[in-house]
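Two complexes come next, and they have one chain in common, subunit A, joined by subunit B in the first and subunit C in the second.
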Partner chain A sequence: MRKWLLFFLLMMSVTGLSGCWSKKELSELAIISAMGIDKNEEGKYVKTVQFVNPGNVSGGLQGGGGGQGPAVTVYTAEGDTVFEAHINSSAKVSRQLYHPHANLVVIGEELARTEGVNVLLDVFERNAEVRSTTKLIISRDMKAGDMMKMLTAIDHIPAEKVNNTLKITEKMRGENVVVSLQDFIKWSTAPGIEPILSGFRVEGNLAEANKQESVMQMDPAANLEANGIAVFKDEKLIDWYEGQTARGVVWILDRVKQAEIDLEWEGKKDAVVYQVMRQNTTIKADTKKDIPEITIHVRAEGAIREVTKPVKLDDPNIIAEIERAAEKEIKQQLQKTVERTQKNQSDIFGFGQAIYRQNAKKWKGLQENWNETYFPQVKVNIEVEAFVRRTGLRTNDHLSELEKKQSKGGE
Partner chain B sequence: MENAKISAYQLFVLIVLFELGSAILVPLAIDAKQEAWLAILISTLGGLCLFWLYFRLYEYYPDRSPVEYIQALLGKIPGSIIVFAYILFCLYLSARVLRDFGEMLVTVAYPETPLFIINTIMIAAAAYAVRKGIETIARTGELLFVLFSFLFISAFFLISVAGIIDVSNLRPAFENGLTPVVKTAFTQTLYFPFGEVVAFAMIFPYVNNAKEAKKAGLLAVLVSGVTLALMMASNTSVLGIELVSRSLFPLLSTIQTIEVFDFIERLDVYFMLASVIGGFFKISLFFYIAVRALAILFNEQQPIRLAYPIGMVILVLSMMTASNFSEHLTEGIKSTLFTHLPFQVVFPFLLFLLAAVKHRRKKQAGADGRDSL
Partner chain C sequence: MVSFFHRKKRAKESQTRSGGPEKKKEQLLEVSLAANVDHIRQKTGHSQDIVIRMLKLGSRGEMRAAVVYVKGMVDSQTIYDFILESMMTNPSLHDKLTPEEAVQLLTEEAISIGGLQRQQRWEEVFTSVMAGNALILVDGIAEALAASTQGGERRTIQESTTNVAVRGSKEAFTESNETNIAMIRRIINDENLWTESMKIGRVTKTDVSIMYLKGIAKEEIVEEVRSRLKRIDIDAILESGYIEQLIEDKTLTTFPTVFHTERPDAVAGNLLEGRVAIFVNGTPFVLVVPALFIQFFQSVEDYYARFDIATAIRFLRIFIFFISLIGPAVYIAATTFHQEMIPTELAIIVAAQRESVPFPAFVEAIIMEVTFEILREAGIRMPKAIGSTVSIVGALVIGQAAVQAGIVSPAMVIVVSITAIASFATPSYAVAISARLIRFLFMFSAATFGFYGMILAFIMLILHLCSLRSFGVPYMSPMAPLIPAEVGDTIFRKPLWAFKRRPNQLVSNNQVRQADDQKPHPPVKDQKGGGRDA
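Right after this comes the complex of A and B.
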């Protein structure tokens, strides 16, 4: 009898072992891949949620069923707070909303300009389901909601496409930065530094972009591209930096991995293309003066990638001259970025932070109105050391051979 | 006294698990800001002194439990009152850890499960361990310590490989001078977690080699202090001081930041496993010590029978101490000085003085050929 009772109890305990109090069946989940936030005319938050359609994601290898419809579905809901908008979207979705795979939050430019970004983030930071490494971007010149309705080629899930693009362009071009939710909050709350975000915009015909046919063409009707760095001041978006100015910011923040720089050579513009392969940038503050001085030191190493006119690359003296030219060019580019930023009165480089870390006492006297009063007056010295390490497979270019041939032919 | 023996290594393991148990959950020594790690190291030194003090007391009475020697030192009735107060202290701390740990699980992993259920499951496991005795707890500790240290070592490795450490977050050093650091060390961190080792006075008599036990204990305090300092230093350098001080579980946030090769990410389970293991041992040890002390104090021949009732007490206490988590945490920080200081420093020190005086007298008396004790 005792034996049987024990056996019975043991069997019963099996039912408890699976621990299914907060169980979530995969087939009952709506897996969120990205979220977008805007504000409508009535002043309500509009949250656009992009769900993955698991059946339609699988690539060609899988074969068989699926693959017909779009890989993602988009629902929109509004509310007085972001959380309310989120809860309201459950009226439209037949499954339980599931956050842990969400990897992207898009914020509409208009909202970022009028209200800023920080006020939207608490709900994400507080929720244990949301990754703190979720990336943040701004949708340029358009509503975040419209951007969410775009389909993308190659990476079928737009959030994936955006994140991968960002990561690769940060590495190859250095004109955008990958900023996560946590980074943004860290930047916003730390003393003496202001946050930045990357922007994305749509090239092409937006009206066509939410149809599956769009991505079935060789040349999609519209494409999402990383474009510009958003600069914030007093929580609000105030300016967009593009091209070299944007890269200057990334550079000063020491996040540039590779960058290509066109150099003028013997009177011809963009004659030598120098690619930085490795660089290190440090910001130092000299806090002895009344208004501290900042020194930005850049050390870059790279290679020659292209020349568009004959250059004697086998001559070390010429290489040294190219190095000087590269230093000058980089310095100029950074100077431009610094000037524009000082005019904007928003310390996105963290000069204040450098001062604070060097001399906390000094910072106490400066921190009030740092952005408006002291930051624009700070004298910034830029020191650049550039090195050309190699020139690829060839020394001298074939253009100089061509020139020789032509001049011989002319004789 | 239970007729059990544990080895010095097992004592080492138990102390490390005990000290790290709930200290890895919270932003430890956060009032010292960027120098939290330094405050922890300073209080580790204090912790070593405290451990030495507790062990010295044991060395005076190597074959008696604290319950007995406190009664011998202070007299039957005052001694019993102090011992009873210590038992309440252990029960309260056990309940606190249970609450910390349950709240963590509810917040992070089981938002829909009631706290009561989670705490019940944990205390049931702890009660089972307590019934099995200290040898079993120590062996379990030995086993799980391997996993625990693997988790810690690989987490530190991943954090450093992920390239998320920014050491400049630890600067500026000594923004407000050394005072807040020392103050935090001696008003908070010394008592939680280091002073809590006072409960181990009940465990010392079980160790089979007193000399080794002393070495193992001191080493354990040192190892846990350095680990905690390293943990806070990496929390601060990964998250920045603003984020750490706003986080309920900073180590979790640090671990969530890890992204290596695009697929080693969301390692929350690291944190959960480590804290469940540590939490289990801290709860069980306080629980076990309370049960043993109660049995000796009230002359209960079968202390095993106390395990479930006392477990219920701890469970209810853990639910009742605070109505929300903020209250619970505030209570923890505010009560530190009032309860921890007397139980962890003042009483042991007075007892030590008494024992030292008595011992000297006894020695003199022994030389005279009389036995006074």
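Right after this comes the complex of A and C.
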């Protein structure tokens, strides 16, 4: 019995000792939704932290005056290192900073151009609380801190709005890529490939955008929009790609899910809209010559989405012609991207990796000064196969019927 | 400490001994009827319900006799028709007789009742009278005839209220042992269905019967049940729960190691698997041993439904059990330790709700759980007319006011409600109530160590369950120890035609349950494989 008593007392003391070890109530946490990093004039890092105001997000529940104030609150702190800035920010917040729900890190363009992104990431990678799947973006033409001080409609938490926008636009348009913290780090440390990031910019009146009234209007004062792909070289941002050039990068990386391509038809520009629904891109290296040759093979399948001029879509020959036109157009677009990138001397496509996979020995010789010396000289062949699989609900357009009617009327 | 408890126990024992009725000496009936009647009157304290009917036998009525019975315990009609009337009118009884001959005549000719016993000892006599037998005493002989005339008002066979099934027999056991045993006999018409009866309880002398299928039930288990029942020496057995608590393998557990049911088909099914049933007079709850953990998640209906449906439902029950066990604990652990595990949107919603709640999640959960338990208990004990008031007040207090006042969060209300519903959905009340108790342990461990603590508690629970035995059969079998052949009737329920064998652990040697090739198939018309059209 004494043994049991002792055991019981021991057990009790264990629970007493543990107390509330690492216990944290949800209401004691400041849930961080996004973080931004800039550098100010004095050369200090400025960390902007965006907190969720839970009561204002899930509006109208109970107590707390749901939906009264803004969904997020922003605090700014500075320090000589990112971590110091982080610690300093705790002086302004009444709760424990809580990172696991932060899913966005914004880096100011200026900082990315001067210092690069990698130096800033160690602090995030090291912290157990920060998810390695946190997404990374660059705030274009503005400080990250300013970008975070705006409210967004529909998705009340700006970080979520950014993430969702990025995800959807990558899928629908193929001009941006979703890059997470770990993606970026892996990407930048891997040999034979350089990282890219998506940019976001603010359209509209930024000064008005941090007020609640802004999102209460039908047309918010400002809007956050995915815009461009940031190209890095030697860890620093060197160029922005936009539109078709940006999509070319995404395409060569084989991340395009959907893309719309406007084709010229019988002299009319943008007469046929071809949407790629499925595609597969492979990069192959031919390492027989001194300077390797790269072949990009694209196989795209898609549908006709729009015609602005009568086209006989029930004719297989016409369809075949459209396919050829699409192939030509895609090839042209990719070529433009490749040329510009070779000029930038940054192998964001991973041609180096393709060479390494093909011939590891050869790659060893090329590895040094790959970006500067060899990459711009690589001959790139682009082969495109495009197929039209569907023409939508209509075969022939009603425009041709309209034409027929008019021509009859004219007789 | 040890000796202290022992001393206490000993003291208690001696108390019951002295307080209870003393063991009688072998007291025999006397020859004189008057003395016997007097003795009965005296022993029963002249109780009004003990009827002593004096009558005369013999040629000139020179022989006196008496019929003794307890009012209400007997079927009066039987006494009038088959005892009193025949004794008074049977011509041969009015010849010149010796008492010995009279008794002989009574047994052989006059009394047309099935059960008739000659008794000499007072102890026997009293037991049989108190059990509802009619006693016939004849002057001049130290013997009594006990005629079984049990009857009186009883509850009729009704539908089960605790083990409700959509499909299957609607009959449920009653309070009468004979009726209950007969109900099983009606299902299993086999001479190997054996019963043994005994009287347990010094004062109540309750009829307790065990029933098993000879040749199917394992002899050791039957013997174990027998010896455990024999060991019981207590003043009263008021319900089968008394027996259950006195024959358990382990008392320090919240889990039931004896199965009880109100349904005859459930008992029959268990007997056929080689289990032993214990009937206790005065309760419709029949005990079945040995009980396995998984048995409490099974319902008779599982065997009446097709196997796919039954399996799905069994999975659901296990899931329900887990919800009722760890529902609030998961909520506590997730909101106080592992906020990163909650999806962001949900975390924000929960955080918003918790914003205005003044208590930590654990305290909040405890408040709600205790409130719910109070409501539940009140709902059960309240008279039916007031019961609805309790539920209305409860719904308003918990569901509305507490949330509006900001004392508890709506999420907590949802968690507690789901847990509550889950605990009611467990087929066995005994397991549900033990889950309800262990839930607090889980909540406590979740509040101190988070999921880590819950896992520790869970390991402890599993170890505890694996350590249990029910009449020597491991409680968690056939999962632990794993008996692959029997897993087909645990969480799964294999098709009925695949139940080739009875459970190994329970059955002695008669293991084959059905013939081979029991799988039904469409009619085979001809060998070439042509269907109906061919």
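As a working rule, the second predicted complex is superposed on the first by the 386 of 411 C-alpha atoms of A that agree within 3 Å, B and C clash if a C-alpha of one lies under 4 Å from a C-alpha of the other, contacts with A are read in each partner's own complex, and residues count from 1 in each chain.
We adopt the following convention: contacts are C-beta pairs under 8 Å (C-beta built on N, C-alpha and C of every residue); 3 or more make two chains touch, one makes a residue touch a chain.
On a predicted model such as this, the values are computed, not experimentally measured, just so you know.
Once chain A of one complex is fitted onto chain A of the other, the partner contacts of A:A91 are absent, as it touches neither subunit B nor subunit C. When both complexes are overlaid on chain A, the residue A:L393 reaches neither subunit B nor subunit C.
Of the two partner chains, neither subunit B nor subunit C is touched by A:M218.
Once the two complexes are laid over each other on the shared chain, residue contacts for A:V52 go to subunit C alone; subunit B is not touched. When the two complexes are overlaid on their common chain A, residue A:P100 makes contact with subunit B and with subunit C alike.
The partner that reaches more residues of subunit A, of the two candidates subunit B and subunit C, is C. By the touch criterion defined above, A:A360 reaches subunit B but does not reach subunit C. When both complexes are overlaid on chain A, the residue A:Q182 reaches subunit B alone and has no touch with subunit C.
In the three-chain superposition model, subunit A touches both subunit B and subunit C at residues 21-22, 100, 131.
Residues 1-2, 5, 15, 18-27, 29, 31, 33, 52, 54-58, 61-64, 66, 98, 100-101, 103, 129, 131, 157, 160 of subunit A touch subunit C in their complex.
Looking at the complex, you find that subunit C touches subunit A at residues 1-2, 5, 335-337, 339-340, 344, 347-357, 360-361, 403-404, 406, 410, 444, 447-450.
Of all residues in subunit A, only 21-22, 100, 128, 131-133, 182, 185-186, 189-190, 356-360, 363 touch subunit B in the complex they form.
Taken in their complex, subunit B has these residues touching subunit A: 107-113, 117, 168, 171-172, 175, 239-240, 242-243, 253, 256-257, 259, 265-266.
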